[in-house]
Amino acid sequence: MTAEELETIAQEEREACGRKKHHLHVCMAAGCLSSCSDRVKDALEAQVKAAGLEEHCQVKPVGCMGLCAAGPLVSVADQNVMYKEVTPDDAADIVGALKTQQPVQRLHCRMDVPFFARQKKIVLENCGVIDPERIEEYIAAGGYTALHQALTSMNTAEVIAEVSRSGLRGRGGAGYPTGLKWSMVAKAGGATKYVICNADEGDPGAFMDRSVLESDPHRVLEGMAIAAYAVGASRGYIYVRAEYPLAVKRLKIAIRQAEKQGLLGHNIFGTPLSFEIDIRLGAGAYVCGEETALIASIEGERGQPRPRPPFPAESGLWGAPTLINNVETFANIPPIIRQGGQWYAAIGTEKSKGTKTFALAGKVNNTGLIEVPMGITLREIIYDMGGGIPDGKKFKAVQTGGPSGGCIPEQFLDMPVDYDSLVKVGSIMGSGGMIIMDETSSMVDVARYFMEFCMTESCGKCVPCRVGTVQMHDLLTKIIDRKATVRDLALLEELCDMVRNTSLCGLGQNAPNAVLSTLRYFRNEYDELLVEDDAEPALADAGAKENAS
Amino acid sequence: MSAPTTVVSLKIDGKDVSGRADETILDVASENKIHIPTLCFLEGLSGWGACRLCLVEIKGSHKLLSACVTKVAEGMEVTTDSPRLLKYRRMVVQLLFAERNHVCSVCVSNGHCELQNLAQVLGITHIDIPYRYPTLPFDASHDLFRLDHNRCVLCTRCVRVCDEIEGAHTLDVMGRGIDCRVIIDLNEPWGSSQTCTTCGKCVRVCPTGALTRKGTGVAEMEKDDQFLPYLTRMRGSQS
Amino acid sequence: MPSADKRWRIVDATMRRHGYVGNSLIETMHTVQESFGYLDEPALRFVSSSLNLPLSKVYGVATFYHHFMLKPQGEHTCVVCLGTACYIKGAAQLLGSLEKRFGIKAGQTTGDGKLSVMTARCLGSCGLAPAAVLDGTVMGKVGSADLLDRVSKQVGHDR
Amino acid sequence: MSAQEPAAAVKKVRIATVWLDGCSGCHMSFLDMDQRLLELAPLIELVYSPLVDHKEFPPDVDVTLVEGSVSTDEDLRKIRMIRGRTKILVSLGDCAVTGNVPAMRNPFGAAATLDRAYNENAQLQKQTPTLHLPTLLERVRPVHEVVEVDVFVPGCPPPADAIFYVVGELLAGRTPDVGAVTRFGR
């Protein structure tokens, strides 16, 4: 593969596309697929055929368009029209409307609303636009030019410098500066190094990475290849959840296509870089999102973390220096190389540059996937883009960061969304799940829900997490059952402090966050459930009943 | 081994000490008669870093690090004892007592148990954390040994000694979280194991009464793990 | 191989592709589960000896990952998503009604082997919360009555 | 305390001992203080104990030593009443401190325990007694799980030396450091 050949593929693809007058895009990502968008696509194709429009109209499967709650989504790309909740029966009307250019009113989903208008798409630029199973479309959209540019006109230090300049921070949750991580691996000695893409998106309520993998998998491969060049690795792994079969399928297709085109494999673009990517399936263990546990899992072991240092950058997979970034981080790399770190750094805030994808869910009108510049306020996301709280209910809290994060109350709605602000109020950025809760949610119950999650996902290696999470969960249950006293609450707080400070890995260290943040802002909800110290007659009664039965 | 060993200077509890760069904080502390409580650590086995008893404070780091796996570094300032560390250590031991069914008075290891001993050394007179009372099995199918899950603290010393020293890897841990349990082969009765060599190393390194010799009564099970550093050295020099 | 069953060849092929190295254990188990639906003792022994791995390690890995099943599943499976978005919208009640109707807990199979009730951490279908999957078909924005109705029909359990 | 009493007169410290679900071994250990009991005698008044003939637990006790765990509804009632009438409550011995042997039934529950004792292993007249007997709690509890406890003296039983030390320290108005003299299971 050469630059010219890449350009030829892009040209041909654009021409083929230009020959068609109409472009019907059908979302075939998991959300819409589960509402049978595949049948919608079949119906559209049949209608196009019936109308004799085959020459002029293309029906294309694409990735996620964002507004998942209103799926299946269909867009008429040439007319900038989107349809929501489309059924196969609607196909005829949609195809009919192509000529009149008058959108079908009952299906019409306006695109000039804040949900779409306020987004800034970098990671998601191709999502819902290209067919994820065709490398040609990715190339036509400028794909793999960044890899070419990096390999042929930049040295490794320049690539890392560009990434550092962009200010990109790890999108997996902790927000470690990506350029710094790359330079650590680049500096580490050793002939063998690895690049790992963490696609073990385990936070409940988070589906950003899945959408990227299902909608634009080549972007991740390109980002990994650039990273491999920068740090000196020749082998990469994508560790992806087995629960994402569609993402796995599309990744496999993408890897095969890239290998066939010489964009992965030996001597990429005629340079000395050789880079192969393998997929490794997760098997239902949240803790494997932790770097060292993920490495153990790729090595075929129980996914138990080990103490750091040493960090994977020095000693990772099979003891070799290893770079681990998550899907969204890698997906940001090609545009950063193409357009420069400066350009990327101009977006966002002082300390949190660029954009961030969020999965908006829970008690909010517009559920779905969005990409926004860092620094946007929670209010803008929830009320403007998300359309506020349904059924006239009152907003209570927004939960960010998954089980490691916390609940943010109303008084912080005007706070900018960036790494540091979120930490300041007791939560974290996390991978981008954003769950909105209304006045009907009990915050103690929410805390127990996350504790239950951490307890079941604890690997069992270190004592504080293995036993501490269970004890905290039992205490929360006791509180909810109105059997707990002030002493129980005090013990819960002590355990929170202990588990946070003594656990081996991030899972345990962050497990108390949901309790701590709800205690911080909604302590009254806990207090209301407590009982007097001596009011425990239930003990004797329960015993009596048990004995009698 | 061929690389030249660097000697580093550091401070432990205000005392100036030095050690080789490949030594852990725990190594250097014990060389200098500074006692740090441990449970999953055992000299001669690989570090595990799971019980969290040997956590120490290191100046400049907001995270507590386990002394048994953290290597010393030049200029490091380590604190091995503070009210905060004592509080956490007490809670670790209490969590362990509450996790399974530890009844010292009727235990064969009474008086020779590291968990019991830790409680005394750390000044634990009662357990403030609610006992869980799980129902756990007991395996007495082996001719010579017993495995009582009620008394297991999941330190994995037995798993490591069986794998690293004996080379049989008969033992491992199944499940995860609170459901973790030490198993033999495919979670089979010990007595029918095809892989166990009956060497007894696991019994000798067990800190509690979970792995014991048959025929011992209350307080009669004395452990002896002194063989281990010797064996590790001998086997290390063979390869 | 444990038997003449052709599916063992698929399992063997996975191991061969990885050069029978120990670290292909999890990949191999995925293949066993895809081929047989679960991992039984002969399968674990076969994998252990083919990859030269201790039995206890194979068992330890198989039980660490919740995706792997050591027992056969029911004829039908209903997976209730317990992701945060679904939980906020009442997934616990969904699960409760299923458990009550069929007299089993999540992770169990009915005595007649007809139905397994499972939970998922998050299906990623948060837009459709609360969601459940019945024999591979996602049901979005589903209510208790509706779910029970559809599961009963599928299982032929209508009593 | 009344202000009219002459300050010089030795006010005897009112001590009680109670026996909940335990084997009485801790009381035996108490007696094992032997001649040292005579040293204590002028300083204390034993106002309630299985060792003496008082029927009612008095309302104003300075120190109560509790042996045994809380295993029945009667134990529960008793310990709550005692807590209300005691200044310093001491959990004496492993049963009171940890639940110890009585609590070994906890993983199985009360019904299964009764069944094992009165049906499964009974030779004659297999039946679980119900009349005139305290009801078993579903779970045996250490004392501090149901009432506030001030001093813990583990041990099975705690050695006489330890008991002597603890009582002596309490009489002297100090908080005993029991870790030095006893431990779980001793």
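Every chain is named by a letter (A, B, C and D) in the order it is written, and numbering of its residues begins at 1.
Everything below uses one rule, namely that contacts are C-beta pairs under 8 Å (C-beta built on N, C-alpha and C of every residue); 3 or more make two chains touch, one makes a residue touch a chain.
Owing to the predicted nature of the structure, the values given are computational and were not obtained by experimental measurement.
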{"item": "Third chains touching both subunit C and subunit A", "value": "B"}
{"item": "Maximum inter-chain contact count - chain pair", "value": "A-C"}
{"item": "Relative to subunit A, chain with the most remote C-alpha centre", "value": "D"}
{"item": "Distance from subunit D to subunit B - Cα centre to Cα centre, in angstrom", "value": "35"}
{"item": "Whole-Å gap between the CA centroids of subunit A and subunit B", "value": "39"}
{"item": "Chain centre separation (subunit A, subunit D; CA means) in Å", "value": "58"}
{"item": "Distance between chain centroids, defined by C-alpha means - subunit C, subunit D (Å)", "value": "52"}
{"item": "Junction residues of subunit B - those touching two or more other chains", "value": "128, 130, 173, 175-176"}
{"item": "Shared-contact residues (touching 2 or more other chains) in subunit C", "value": "60, 64"}
{"item": "Residues of subunit D engaged with two or more neighbouring chains", "value": "139"}
{"item": "For the subunit C and subunit A complex, residues of the former touching the latter", "value": "22-27, 29-30, 60-61, 64-68, 82-85, 87-89, 120-129, 131, 138, 140"}
{"item": "In the complex, subunit C residues that touch subunit B", "value": "41, 44-45, 54-60, 63-64"}
{"item": "Subunit A to subunit C touching residues, read off their complex", "value": "30-31, 34-35, 67-71, 201-207, 210, 242-244, 280-286, 297-304, 359, 361-363, 367-368, 399, 402, 433, 435, 437, 441, 446, 449, 453, 459"}
{"item": "Residues of subunit B that touch subunit A when the two form their complex", "value": "47-52, 55, 64-66, 69-71, 87-88, 91-92, 95-96, 98-99, 128-130, 132, 153-154, 173, 175-180"}
{"item": "Touching residues on subunit D, where the partner in the complex is subunit B", "value": "91, 94, 97-101, 103-104, 106-108, 139, 142, 144-145, 149, 152-154, 156, 177-179, 183-186"}
